[in-house]
Amino acid sequence: MSLSALLPILALLSSLLAAVVIFALPESSHRLRTLVNLLAALLKLGVVAVMTWGVFRGVDFSVSFTMLPGVSFMLRADALAMLFAGLSAVLWLFTTIYAVGYLEDSPNRSRFFGFFSLCVASTMGVALAGNLFTFFLFYEMLTLSTYPLVVHRGTDKSLQAGRNYIIYTLGGGVALLLGIAWLHGLAGDLPFQETGHFQGADPALHGQLTLIFVLLIAGLGVKAGLFPLHGWLPQAMVAPAPVSALLHAVAVVKAGAFGIVRVVYDIYGIDFAYALGLLEPLAWLAAFTIIYGSVRALWQTDLKRRLAFSTISQVSYIILGVTLFGPLGAVGGLVHLLHQGIMKITLFFCAGNYAETLGVHRVDELDGAGARMPATSVAFTLAALGMIGVPPLAGFVTKWALGAGALAAEMEWAILVLLVSSLLNAAYFLPIVYRLWFCPIAAPWPAERRWGRLETHAWLFWPPLVTTLMLVLVGLLAATFVSPLSWAQLIAVRMYLP
Amino acid sequence: MNQWLMAGLLFTPLAWAALSLLLDFRQGRWLSWLGMLIQALVSLGLWVAVASNGGFYYALAGWEAPLGIALRVDGLAVTFVLLTAAVATACGLHAGVYLDPSKSWQRYFWPLFWFLWAGLNGVWLGADLFNLYVSLELISLSAVGLVALGGEAAALRAALRYLFAVLLGSLVYLLGVALLYGQFGTLSLTGIAAVVGADEPAAAMALLLMLAGLALKTALFPLHGWLPPAHGVAKSPVSALLSGLVVKASFYIAARLWLELGDRLGSHTLAQGIGALGAGAVIWGSWLAFRQPHLKQVVAYSSVAQIGYLFLLFPLTFAVAEPVSRLAQQGITLQVVSHALAKSAMFLAAGNLILSVRSKRVDALGGVSHYLPFSLFSFGLAGVSLMSLPPTGGFAAKWLLLQASLASGQWWWVVVLLLGGVLAAAYVFRIYRATFLEDRASDDFYHPPRSLEAIPMLLALLALGLGLVAEPVLSVLALPFEVAAEVAADVAVQP
Amino acid sequence: MRRRLLLFLTLAACAGFTVALAAAVLHAAGAALPSALPEQLAASLGSSGVEHPVTAVLLNFRNYDTLLEIGVLVIAGMVGISLASTSSLEDPALRSSDSLLYALQRWFVPLMLLLALYLLWAGADRPGGAFQAGAVLAATGVLMRLGGLPMEFVRPGVLLRLGLVLGFAVFLLVAVAGALAGEAFLAYPPGMAGGLILTIEIVLTLSIGMILLALFVAAPVSDEHEPEEGAGP
Amino acid sequence: MSPDLLYALAGVVLCGIGLFGFLLLEHLLRRLLAFNLIGSGVFLVLIGLAQHRNGPDPVPQALVLTGIVVAIAATALAVVLIRRYYHLTGHTSLADDGEAQS
């Protein structure tokens, strides 16, 4: 087996084996478990970096074998895959560090980190899947491996959230499976390829293809939090903060959005999807979700719930970008996949820090937290500003690209949506920032803990600062060739080339 | 070589049954370990032999059919022989540790176990309708004996129910055999298939009777009432054997009959009707599984539901194109294999959990994840296969069945397949949920030995891995069968 | 009312079943195809080792059926004794002191044993054989049991189990010996069929008699209990 | 109609009666007897139908002998189980406790 086939497998196995080892370790061997976690994360990061470099140079990383009659298991690294794989590999490292600190002294850590690794292995699989079937395989594995994380605390509330999560996602899985199986019956095994498969398909099939498209989008839309399938996401907030970070930034909602990108570009082909008239309704739905999520976020008093509705809104930017017919819009959507991940994970890390250090969960309890925890609050503020779209932060780059895409696609209404949404973002984020810095402490913190010199536990302290640095850098360096933006441009060029 | 393998395959279980009857439980355990090893090797050897040289008929006592009894050794049969070796070995190893050797009646476990195995091998290889009846009875009576072992009132009640159901099923099957023999003068399935014509009401009635009898023995809805008590009350290794293998034996015969004779003796109504009953089983069984308060009852009702899928074979192979029929057959085979592995894993793991929390109730499982994560994980993995989520064998089976339904235009089975998965998720997640609850007052858990925990895990991993290697497993089914054409020609010439 | 309805429905269903079955039987009888089986059987009878065709089918042509059938019987006997307890053999309720029964026994037991022997021997060329002989043997045992004769060997001990399995084991040994000798499993080496079949029949008679008797003796009294699953460590 | 066919038809009737009893009777012993009745019916059909065509045919006779032994084994097993069940519970049917007494 050549190296080019080995690397995708290694990227998967690094966290899969970590999961197996962690499950086998006894509950009490915390140091060893942390070591395994970090080693696996670093290994994966290295492998992904090598692969990204390879893809940039045009190396074809792929491996496949026949799994069932007529269906193959296929891993393949293309530019789009590396975008998502890179995102999860980088963020997994920080989430792991954060989780080790966050869960110190709590029970069931062996179970938690085992499923945590399994979850990231599934995400890698989703990213590297070479055909729709393999994508589905890992997509469902992701559902299963996140359930134990959502219900980790074992309280009634978290079990309730877990139940809803599983109902939504398995229901979505059924729609997706039906769509994939149907499509397979029509067209056979469908590897992802840049121009899609249905260019010039028999017009008699158009009806069926439209129906299948609806099924696929419905299935993927559940994880992506597309209205009206978003109900599970705010409830899942009861999970521990690293899990929320995982759900919102690294794995779950991203897997849904990524799947939609795959279906539109690499299965149907953007031209065909446009010709079939499928993009316009999807764009409207995404636009509605953007506004709806923001409006709902306004009224949330629980910090993490507010962030959750913000996610619903922000993820639909990606979908909106995809549906803006033209390379510019695509660039905006794709780069937002990454930018949103970095910004949202920062916000959740900070929210977790407030909860762990001060016992604060509600927005109105945050008064004066900036003085008590300056570094965390700076991180939160920058990430919030990024979300709003203040230049030169990450969010600004996205919104600019999306706006340019909307103009190019002659869908001016989308710019209006972007503007309104930015205003709403400001409306629900700025009050928090204001409270952090400008309100005096109203009452003693509900449950304050101290860890020596730093404002919080060291393992909780550094990850949000690093991700904040990243979100500043991706904005500042957007024009250089190392930025996510230029990578997204590379993808868009390859996608629209023919 | 085949000579030796066949002799080993047929002789060992019967001989071990006789020998272990003379020993007590502990000695029988030693003996059985050896026997399981031999069986596993012989089964593997036979599988290799068939994979390299194709299938063959084996004339017992040197008399060819129709005068004597011939065994049909083909890809499907060896697959099931191998499956039996795997599952029965696992259950036997588990039982050796799980059962209490100080009880005098446990010594009878081993002979019953080996007779059961012998009967199963007889069914997989059987090509003679009457011999299949005797093999079925061998299975039924030893299974009833295993359920009744210990002789408590609840066990006896379940065993009696079970006994009456399987006896009636066998007789109805035999009635069909009588009709077929009366008309065609032979008991060999191949022989009958060679001479049967399209318009034969008596033979059609015979097929109907045989299918009805076998459906009762397979616990097809609405004839499933006997299964949950029997599988729920038996000791866990026994439940695993019953759910994993025993119900499959009667289904296997029904499927063979249908595939040989169904195209001429069956009808569209019959095929769809059986499929509808299967669909009813999937939905009703899952619903009841969801409502059971006891852990093992949940698993037992889940068997009722999973068996329902098997009966989709009938509509999906009747009057459809050859490739579609093949897809359906492959899907059903995978379903049988993966359900056997997953369900036995589940029962064994459930036994460990029950042992650990000292209660049979689902709601007593709270907090068990701290103490028995391994067994719980096995249970969970097996559950994934039952929900038919990827990458398990259950998913591979469902995928093939979906393709077959879509390709034959029978979209209503698609609904059943998808709904069944969702319902399975409902009852499996109910148990996961119970184990995550953190409100247990006491920390009084018993730790079963490691070996008890390892066995269900292995089975669950096999069920999981089956989905990834489904292609090579299925390729064995399509192996050439050397003598089939010859014998069929022989029989056709005779009349 | 509901009971009535149920009764009526069951009756109607069974009547319908009977009519359909009768029609099928009549049709099968009318449409029967000629079969080559009887000629084949007659042609092979010479090399089967016995003269009576039914015995030839049972113990040579289809001896696998018979082997498994004995297995079924052994299972039944085994489950029977697994539920039995030792003490019940001395159940005083079964001890009769009827002098007429004693007298009858004195005449009947030897006669019945003789009859069993005859049936066994007759199997070679006329109706009879191991099962019939074994049944008579068991009936003798039942009679003795009812007369209160102590029969130590039907206590569930190793002797009883040995008796149960003896016939089956010998049959199985012969079967595998055929395979070892290069024939098929269950095949008799040429020329030895007659002797082997007779040996099998003799041991089978003993075992069958023993199994049936054991099943009769197996009493339901046992005070030990199997704890429910999960009830104890 | 040959006498053999008449046997077969008698077997059919026995099957019908036996089935009726099997479905309707709750007392375990009676149900067991009904099972044996069906068994006899099946054996009659097996022999009668075959001999109607071929004249005396040793194969079905042998089959029936085997069938009888199997049926006896099953019956004996059932009786043992029923006896013990009765001993432990005092019930003669499998119906739920309340109904069993009535």
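Order as written gives the chain letters A, B, C and D; numbering starts at 1 within each chain.
Rule of thumb we're sticking to: a contact is a pair of C-beta atoms (placed from the backbone, for glycine too) under 8 Å apart; a residue touches a chain by one contact, two chains touch by 3 or more.
Treat the numbers as computed from the prediction; the structure is a model and nothing was measured.
With steps allowed only between chains in touch, the distance from chain A over to chain C comes to 2. In terms of the distance between Cα centroids, chain A is separated most widely from C. Among the chains in view, B has its Cα centre nearest the centre of the complete protein Cα set.
For the pairs B-D and C-D, the count of C-beta pairs in contact is higher at C-D.
For this pair, chain B with chain C, the centres built from the Cα atoms lie 28 Å apart. Work out the mean CA point of chain C and of chain D, and you get 16 Å between them. For the pair chain A and chain B, the distance between mean C-alpha positions equals 43 Å. Looking at chain B, residues 130, 134, 137, 141, 144-145, 148, 151-152, 175, 179, 182-183, 185 sit in touch with two or more other chains. Shared contact sites, meaning residues of chain D that touch two or more other chains, fall at 8, 15, 45, 49, 52-54, 59, 63, 66, 70, 73-74, 77, 81, 84, 88. In chain C, the positions touching at least two other chains are 21, 25, 28-29, 32, 35, 37, 41, 62, 65, 69, 72, 75-76, 79, 83, 222.
Every pair of chains in contact is given here: A-B, B-C, B-D, C-D.
The residues of chain A lying in touch with chain B in their complex are 23, 27, 65-71, 73, 107-108, 110-111, 136-138, 140-141, 143-144, 147-148, 151-155, 159, 162-163, 166, 170-171, 173-174, 177-178, 181-182, 184-185. Residue ranges of chain C in contact with chain B, taken from their complex: 20-21, 23-25, 27-29, 31-37, 40-41, 44, 60-65, 67-69, 71-72, 74-76, 78-79, 82-83, 158, 161-162, 164-165, 168-169, 172, 175-176, 178-180, 182-188, 222, 224-226, 228-233. Taken together, the chain B residues at the contact with chain D in this complex read 130, 133-134, 137, 141, 144-145, 148, 151-153, 156-157, 159-161, 163-164, 167-168, 171, 174-175, 177-179, 181-183, 185, 187.
Those residues of chain B that touch chain A in the complex are listed here as 327, 330, 369-370, 373, 377, 384, 387, 389-391, 396, 399-400, 402-403, 406-407, 414, 418, 421-422, 425, 429, 432-433, 436-439, 467-468, 470-471, 474. Of all residues in chain D, only 8, 15, 22, 28, 31, 35, 38-39, 41-42, 45-46, 49-50, 52-54, 59-60, 63, 66-67, 70, 73-74, 77-78, 81-82, 84-85, 88-89, 94 touch chain B in the complex they form.
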